[in-house]
């Protein structure tokens, strides 16, 4: 990574480069490959049988898909339901969230502040446009906000961000609970219809097959898509939260005009042993 | 929204308008549309079969509906059970709960206090008749109650309100647990009756269809109505709680005679980035 | 209610009556009506079928009822198991627990203390014989125990009372978990017996009906009786806890010799808006 | 109980007897009677059928018993698995745990300390050999350890004891989760074997009976033995914890050289109303 | 154990040996024996039947194994999924985690510090290469870091280590939830295929056998492998955490230059009675 070069500076004692490694978006390979693989397996398993067509029943698809959507909508506001779309996009194409790089970025800013004074960070702020939270945090330090105030404001913001993500994730989680229930309701409808008309014994098999389809759709929707994606959203929220906490610690340390060496020690306690920073120690 | 005009005042430095944007009630579209859609889907699925009439069985309806009501009643006081009716009305036609507008309202009051003194808020109190909590909070500030006292009184009140809403929601949640159990009990009764009289093989099908109906009714009642509505009530309670906290923070800030600018910073930490206030910054 | 008259006194400024509204026991209508209604529905549903007698099987009743009792007993001491009897009586015929009246009672005592001094409460203590907790709390204030001490002693007592009630409720809750398990075990016994002797196809139906009966009994016992009553016990414990907290706050306020007006404000934060006290404000 | 005589002393103002009521072990009647009764019921239910022998299948017993043991062992160390044996013995034959007698014992020691000085307790220490925790606690007070130190050391020890008991109980709890799973796996093996060889329709019944046996064994093992005993272990741990807390409070009170009267008040908040001590009040 | 000899020194008052008992890796016998035994039982149960081959169906294996892997991957990053491999190795061949030996090691270091001064520990640091956490902790004490700082840094590190282990264990736990769901989905596919083609009644049995296989594989994978191993990982993490806390307490005690006797008292509160240290007391 080209970042190494920039960060060699503090350790070598040279003037800190003002380039802050920018963060972009990436593709969540694990999520997309996992989903494709799972659906491919199901597809192959179905196509190995003789009756691929018996797995397609549009009314059943409607009951499970639309029904789960409708029942999920009951529990939320329309805004929250549609907040799932950007959430899903952000989950498939997440911002680069690399704890170590966040630490490097934080340390690099602390080094600038130590060498050129806190006000020098004012020039760096535009480079942080992609990291709105870090930008706000550093701006507060530059403005001379007292460190306790910075911490209390940022902690509230971290909580609020985290709660907003949880709410969107709740929509997915609730949908994952609703889908198997809709599948069960669909199957009960099918069973009652079949049992009420037991005239032709030959029709029992296919009728039960159709009745089971909603259970099948509900299980696939809930256990293969909704629940795993909701778990991923939670995991990402935890990552984001950790990075925001790193930035808060850094902004507070800069406002306190501490030695960046102390910040390094603090950040290293968060990083796994193999990724620890060692610019100063 | 016409509110924009009033609130332009503080930023432009002009005299603050004394009109506080009033809040009314609205219709919870997501809830009503979601329920209608879900039931329409079930209705269509049933009517696609040949035996619509086999889905109607009055004793089964009674066991599930009345039975769930009776068993739920056991766990509560009669007052609590009937508190569900106003709760449902309030859930279908909720008060306008808009976090940003609550922040604007709070900030507008803080601006009035800064310009004309805290006592000037006395004239505004009648306009807050629809927001009883805010009215009480501001009245305390006007009365000169010390800010710590305001906070401690209001925190207890927020907790108590929240607990009262939780209790009513618990009735729905318990009913959502009871309904499938009553459905199971009904189905067991049907199965025992059918199995004890296996004389006519042709009667098995219809008898099992009827036995399954209570399970079907229980599932529809619990998973399509009670559980989703209970989740909505919880979500609304969280919203209400947040708005009450905003009002508490505002009343405390006014009593402290802080600069509204500080209040704005504080409230912005709660608002999502896209909705942040910027009258002062 | 006749109480209104007594309590009009403080507001009108007249001498406080020394009569403290006494609390007695009442009948829990919701619990008894709910249980009766649920069992009546089950009874009607059974009697609509042709085979009422096939719902009675004494060995099955024994396995579920006695078996649930035995297995529940394993997890507790004999004392705890039998503490369920007074608990059930106290749940069916609970003491009058009215938060507002508890507040009035507390306020009335505070008013007496303000007018005639804390020692005057000594004469009132015998009237509180039915409210042992309140009596103890006030006795401590009369004895001149410092308010912090009163609070710490009473908080420990509230916790201990609450834990004792939880333990008794746990017996019911555990029995509600055990009953369906015993039902399942009974049904498995029945199924194995039936399957091992598949000689007469005509006997299959009735044999399965009998096998299902334990599941039916277990479900009725757990979901219609034990679980709802356990939930009611929890609800009552929460009520009791709240009233004990009100009395603790009052005793502490009296020991602090605060103005009853302050106590009123404090108690009002706990009461729902429609029931608030307004003797002083 | 003969204890009453000894303890009458403090109240009557006479010299405290140095005999501390010793505690021994007892038999947990509720546990043993409960288990025997439950198994007797199952035995009777089985013997009422014609096919007692069809309930015995050694491979099924092995899969469920040995299998549950093996899978449970995976989650723990061998030491933890075998710590279940002394735990079970201690659960069947528990030490006498009587909260009131523990309070009396504590008060009696406090009375000795008040009359004859803390050092006099040195002579009593050997009598406490059966209550190792109390002995250690009093020894610390005799050694002149400061009360805060006594509390902090004992709190850590209470936590550690409690965690060790929880770990052993976890073995039982995990086994209670594993047993029904092993039952399900055994039944699936039986079903697959039966379905793959559907030649002789007469063999279906007995084969299914055998397949269901593992589910039956798993249910009996988990719901009638393991889960109830694990719940009992938890309950006993809570009792033990409470008594250790009583001893800690007493040792700390003795080290503080407080009046035993204060200790009595404190201990009474923990005891149920009917069992309260009244030597001083 | 040879350790006894070294540690006899402090008690006898002789010069402390500088050899710190090294810790290596071991084999988790309980885990390996448990898994082998469980699979052997299943194998025997299958081979007792006539149709061993009907338990092998490659498409079913793929759906459950690969499908569970794919769906689990959706919820994590690729790095996290593969962190399971070293986690499993570390679980099968764990480092020696012996609480008592950790205490001895800590006490031995404290003794060296008391006799030869904290700086003497500098020579011992290389011997601690296998206990990275202890090495870091002692290095901080040698560097003269203030004890509060040592504690705060190490607490953060313990939390972070613990969270990293939890995340890896979460992969196993999620997989244990996914596997039965994939088994259910596979069985639903098989049932729909079978029911849609009910031409040959003789094929029903074998087709259902195959359909049940995915449920069987899912149950074995989840309940016999993934869930027990995840529970073991949690148990090991708790052990590791405790040992890290012991080392933290020791490093802090050394930095405070406390008497090792005090450290012994503190560590003994954590050890079970039978394993307590008694070098000083």
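Every chain is named by a letter (A, B, C, D and E) in the order it is written, and numbering of its residues begins at 1.
The definition used in the following text is that a contact is a pair of C-beta atoms (placed from the backbone, for glycine too) under 8 Å apart; a residue touches a chain by one contact, two chains touch by 3 or more.
Quick caveat: nothing in here was measured; it's all calculated off a predicted structure.
Note on connectivity: the fewest chain-to-chain touch steps from subunit A to subunit D number 2.
Taking the mean of the C-alpha atoms as each chain's centre, subunit D and subunit E sit 27 Å apart. Mean C-alpha position of subunit B lies 44 Å from that of subunit E. Among the residues of subunit A, none is found touching two or more other chains.
Chain contacts here close into one cycle, and each chain has exactly two touching partners.
Against subunit E, in their complex, subunit D makes its touches with residues 59, 62-63, 66-67, 70-78, 81, 132, 153-154, 156-157, 160, 164, 174, 178, 181-182, 184-186, 188-189, 191-198. Touching subunit E in their complex are the following residues of subunit A: 28-31, 33-35, 37-38, 41-42, 44-46, 48-51, 54-55, 202, 204-206, 208-209, 212-213, 215-216, 219-220, 223-224, 228-229, 231-232, 235, 265-266, 269-273.
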